[in-house]
Amino acid sequence: MEKHKRTLLVVIAEANIERMLVQDIRRLGAAGYTVTDVRGGGHSGVREGTWEADRTIRMEVVCEGGVADKIAEHMLAEYGKHYGLTLYFSEVSVLRPNKF
Amino acid sequence: MEKHKRTLLVVIAEANIERMLVQDIRRLGAAGYTVTDVRGGGHSGVREGTWEADRTIRMEVVCEGGVADKIAEHMLAEYGKHYGLTLYFSEVSVLRPNKF
Amino acid sequence: MEKHKRTLLVVIAEANIERMLVQDIRRLGAAGYTVTDVRGGGHSGVREGTWEADRTIRMEVVCEGGVADKIAEHMLAEYGKHYGLTLYFSEVSVLRPNKF
Amino acid sequence: MIDVVIFFFLLGIFARLVGSDLRLPEALYETLSIYLLLAIGLKGGIELSQQPMLSVLPQVLGVALMGFTVPLILYPILRSLRFNAADSASIGAHFGSVSVVTFAVVTAALIRQGIAYEAHAPLWVAVLEAPGLIAGVLLARLGDKDAESTASVRGHWATLLHDVVFGKSVLLLLGGLIIGAVAGTAGTEPIKALFIDPFKGVLALFLLELGLVAGGRLAEVKRYGWQVVAIGVLFPLGLSFVGAGLGLLLGLSTGGVAVMATLAASASYIAAPTAMRIAVPAANAGLSITIALGIVFPFNVVIGIPLYIKLAQALTGG
Amino acid sequence: MIDVVIFFFLLGIFARLVGSDLRLPEALYETLSIYLLLAIGLKGGIELSQQPMLSVLPQVLGVALMGFTVPLILYPILRSLRFNAADSASIGAHFGSVSVVTFAVVTAALIRQGIAYEAHAPLWVAVLEAPGLIAGVLLARLGDKDAESTASVRGHWATLLHDVVFGKSVLLLLGGLIIGAVAGTAGTEPIKALFIDPFKGVLALFLLELGLVAGGRLAEVKRYGWQVVAIGVLFPLGLSFVGAGLGLLLGLSTGGVAVMATLAASASYIAAPTAMRIAVPAANAGLSITIALGIVFPFNVVIGIPLYIKLAQALTGG
Amino acid sequence: MIDVVIFFFLLGIFARLVGSDLRLPEALYETLSIYLLLAIGLKGGIELSQQPMLSVLPQVLGVALMGFTVPLILYPILRSLRFNAADSASIGAHFGSVSVVTFAVVTAALIRQGIAYEAHAPLWVAVLEAPGLIAGVLLARLGDKDAESTASVRGHWATLLHDVVFGKSVLLLLGGLIIGAVAGTAGTEPIKALFIDPFKGVLALFLLELGLVAGGRLAEVKRYGWQVVAIGVLFPLGLSFVGAGLGLLLGLSTGGVAVMATLAASASYIAAPTAMRIAVPAANAGLSITIALGIVFPFNVVIGIPLYIKLAQALTGG
């Protein structure tokens, strides 16, 4: 069973911009994404998610390293300034290389 | 504080087969698992999770590399053909080696 | 786009101690954290999360390796004995080093 | 005049078609469906308590037989339309089983029009859940020898039967029926304000949700093409005659015949998708859900039910 | 005597201030807000069905104009208080739009005091959602040339308009209104037990939740300082005269003038935060939410509404 | 005739035992428990408003004392049964505290049987939450010097007290009581349709959920063995005499004595597990929850309560 290197990009952001993030991810070449509703805290305070303006999402995308870079760069430029945004990369491996 | 290498296997699949996945994981030798309700999109379209047939789960299992391989292989063979299924591996380290 | 190494610490624990975990994380120097409601199974049985005493959370913290070690050590000492607790580390990279 | 609950369904479809962000939380969806199943069961049980048990036995048998037969009838038709074995079996199973909300809508319509029906009809619904699914799985196994072998862990008959009989739908319907029958009118009086009075409002809310889901399915209809639309309209119409025929045979009232026609014409979108996904993994789940929820359900709720009531009136002279 | 629903709001604030772990599940929050929007719409629609449509046209135009004008009035004031362009536009938009729960509280107060008001008032609420937001975005774009360029993907006018008009709030309010108007009193009778009778109890529960959220915002008030408190108290008081004036101009009843004053004085905390976050990302979301939900809402609900009713009585001699 | 709500509990247990997939969404569980606490408080408060406040003071003191004493009585018994210090203290605390739903079931039974009880009884429930927990923690600290040292961050008395007194249960019960008392019958009239009328139906639904949870605990019972069953049956029976005795001493009505016996016999499964988990981490949470929810709760609800009512009737000659 051969494994293939890919990059996992995790994006944590306010739920308000979920729709835009999904569009961006698709446009920049990722084949899929997974979203979880989360809560948390960071530089911009605590977000408990009990009502609409206070919701946070965690999105994960498995893709080629280059695509992950492009997505992350775009997000940082587009949303980094005005939105709470956390991004990180991690090395993962997958079995079906053409799926990702 | 000594660290020990283990593998994190992440499985994203339709919620319908959660029960079977848990049975498989247990049977193939993992000591535990964690499940999150998620939504997402991929080759087989968008899954929003607003009603039963449309729910997706994300399962993560920390275990020895060999066990992770066995689980992933089994899942791919068993569910890969007919179910939406995303699998990836990641290297992690743990503190209590006999827990995993 | 320069990347910087950080450590991702994932903590899975009963929801009862969420408040204390957040306090610990903050006190020990992490800049943020993200919490997800999960369910799962392990040595101490299955936790389905349908009522308060049965809820589980997954917390993830991106921080410097040293901070992650301190947090993990503290948690293991403080909660490891009496609470269901799963901890693992993973290497990740971030773009904005001073955020984490 | 259209029943007000239909407007909620149309509002849901509209919201989806215009791309509104309106979504009902999943927990609400689950809550509403648990409520409806329990409430429908309770209502039927209260009435059942005033009836000789033996008289419903032939109905139970007749209904079970109908559920089992429907997939057998539809399978060859679907095969001749070039659907593969798994899909033909699965679509058949959806039609063999039943939609609880469609049942709720037809009884609401009968009440509005003052047409009496057998008050223990929820029992028919509970009985109808399983047989169609069993027939569907049987057909899939016969039609595709492969299916069983891939499904090594799953697919045991005992598991399938267990999952349907003790599944949420049947358990809550039958549980409600039995509680209603045992506690009777007086015993259930204190819970009336939750389970009986707001029933139709809750149905309206659930139809809003189903409108949202069905609206999301309409895009898929385009993908699957005209055949799927034809199936979703013609099969219910055809099956309504099967149901009405059974109703006549069992000597049901006008309303009872209408209910039976509707049950036959309705396709399951709760029990069937789950059961088929596990027992017949090779079947295309999107295809049968699009038919059941994207076409059959809206068709029945908006157009079919009035026709089935007319049919019942014509057949019984009621 | 204070309306009982206000006590629930105070209980929520108290719980938050003493650090209670009480939280309402998010799904409940969403459910309650969907319910309130639908129920308010339905109630208005049932009444609307008994009225000549043409007579409400001038009201619709007047209300839309008011919503659009409010941010234009507030913008220069906010700028002179040293808020930047984006924040001034965003705060203005929150005031230009409307709070549905504040509307529910004022009508409840009017009913309690036996003061009649135009029963189709929910229509005003639906109409008021959008114009203030549009004016706010316009101001932000004019005030800060940068805003548009950063927001490359977003910010298309068509998207903004679509999101507000087909957003949850307007869609459910108008959907309810139309269903109520078409189905009428008789048609909606069977769903009364869910959508009309428990309305005020649901409002109480929602106010408990809003108390929890507003209580959480009080800590922020300290951060932003006295200016924010002054804005949150003086703007509503000032705007209530604008609303009351429009009410007089349109020849509304005493209750109608009170409602209009309250609508003008209220600040949106559902549609506005979402819309501004997307269309004016440079604006500080915490700031405007703290004003709208931490100060304006409690002020209106506890102190403002009784005053606005008095004002309306004085102005109309009612 | 068994109360209909008990059937829902049995349905839940049955569903779990046969391995049904029926689950109530967690948000619904939370919603129902918030509703029940508020509604019970409100109902008590409305009655309290018609009463001299001073007369309840001795009751408040007596109840608090009872809650504190129960763990002290049970601790030596549990120790002699070879439970360790932490577990003995924790199990004692669960019995010293109280189960709100058990309270709801006993009052429902009294109403059905037409036996009057002190309408402000919810106040007793609110007072009973905390003292038992405090005694339990005290015992754990005395019994195991280690416990405190490991729990370096936690375990401050102030935190424990704060968490219980401002915890969800006490806050909603007392909040409801005060709102009910201040607003009175007339003031709460408009929220009756939500908080009073559907109460028993909601209780039924919550019992269905608790049946599912308790049913899931039955497997654990086997693991812990017969001792746990004996404790779960004999302790309530014994404690019911303590409660009934206190009721007599306070000069309560027949119904009041029955309520007091039930409160003493009931074990907490909301406040206690959470508080013990934080304050006495060494205690085995599964063990005390299995006793409280797997045995005591079903025993009380199905068998105990009728006995306690009989006991109260025998003691008061009522």
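Letters A, B, C, D, E and F mark the chains as written, and numbering starts fresh at 1 in each.
In the analysis below, contacts are C-beta pairs under 8 Å (C-beta built on N, C-alpha and C of every residue); 3 or more make two chains touch, one makes a residue touch a chain.
In this text the structure is predicted, and so the values were computed from the model without any measurement.
Tell me which chains count as touching both chain B and chain D.
none
Under the touch criterion given at the top, what is the topological distance in steps from chain A to chain D?
The fewest touching-chain steps linking chain A to chain D number 2.
Where chain D and chain E touch, do the two copies share over half of their residue numbers, giving same, or under half, giving different?
Both copies, chain D as well as chain E, present different residues to each other, with under half of the numbers appearing on both sides.
Using only Cα atoms to place each chain's centre, name the chain farthest from chain C.
Farthest chain from chain C, going by C-alpha centroids: D.
Return the chain whose centre of C-alpha atoms lies at maximal distance from the corresponding centre of chain E.
Computed centres place B farthest from chain E.
Determine the centre-to-centre distance between chain A and chain F, using the mean Cα coordinates as centres, and give it in whole Å.
45
So what's the Cα centroid distance for chain C and chain F, whole Å?
The computed centroid separation for chain C versus chain F comes out at 34 Å.
Cα centroid separation between chain A and chain C, in whole Å?
Centres of chain A and chain C (C-alpha means) sit 19 Å apart.
If I count partner chains per residue in chain E, which residues reach a count of at least 2?
Correct list: 24-27, 30, 198.
At which residue positions does chain A touch at least two other chains?
Touching at least two other chains: 36, 90-91.
Okay, what are all the chain pairs that touch?
Final set of chain pairs in contact is A-B, A-C, A-E, B-C, B-D, C-F, D-E, D-F, E-F.
Write out the stretch or stretches of chain A touching chain B in their complex.
1, 3, 6, 8, 22, 26, 31-36, 62, 90-96, 99
What residues on chain C touch chain F, complex-wise?
My answer: residues 14, 16-17, 20, 23-24, 44-45, 48-55, 78-79, 81-83.
Across the complex, what residues on chain F touch chain C?
Spelled out, the residues of chain F in touch with chain C are 23-24, 26, 29-30, 150, 152-154, 209, 212-213, 216, 269-270, 273-274, 277-278, 281-282, 285-286, 289.
Which of the residues in chain F end up touching chain D in this complex?
These residues of chain F touch chain D: 1, 4-5, 7-8, 11, 14-15, 18-22, 24-28, 108, 112, 197-198, 200-202, 204-205, 208.
Which of the residues in chain E end up touching chain D in this complex?
Those residues of chain E that touch chain D are 25-27, 30-31, 34, 38, 162-163, 166-168, 171-172, 175, 178-179, 182-183, 187-188, 190-195, 198.
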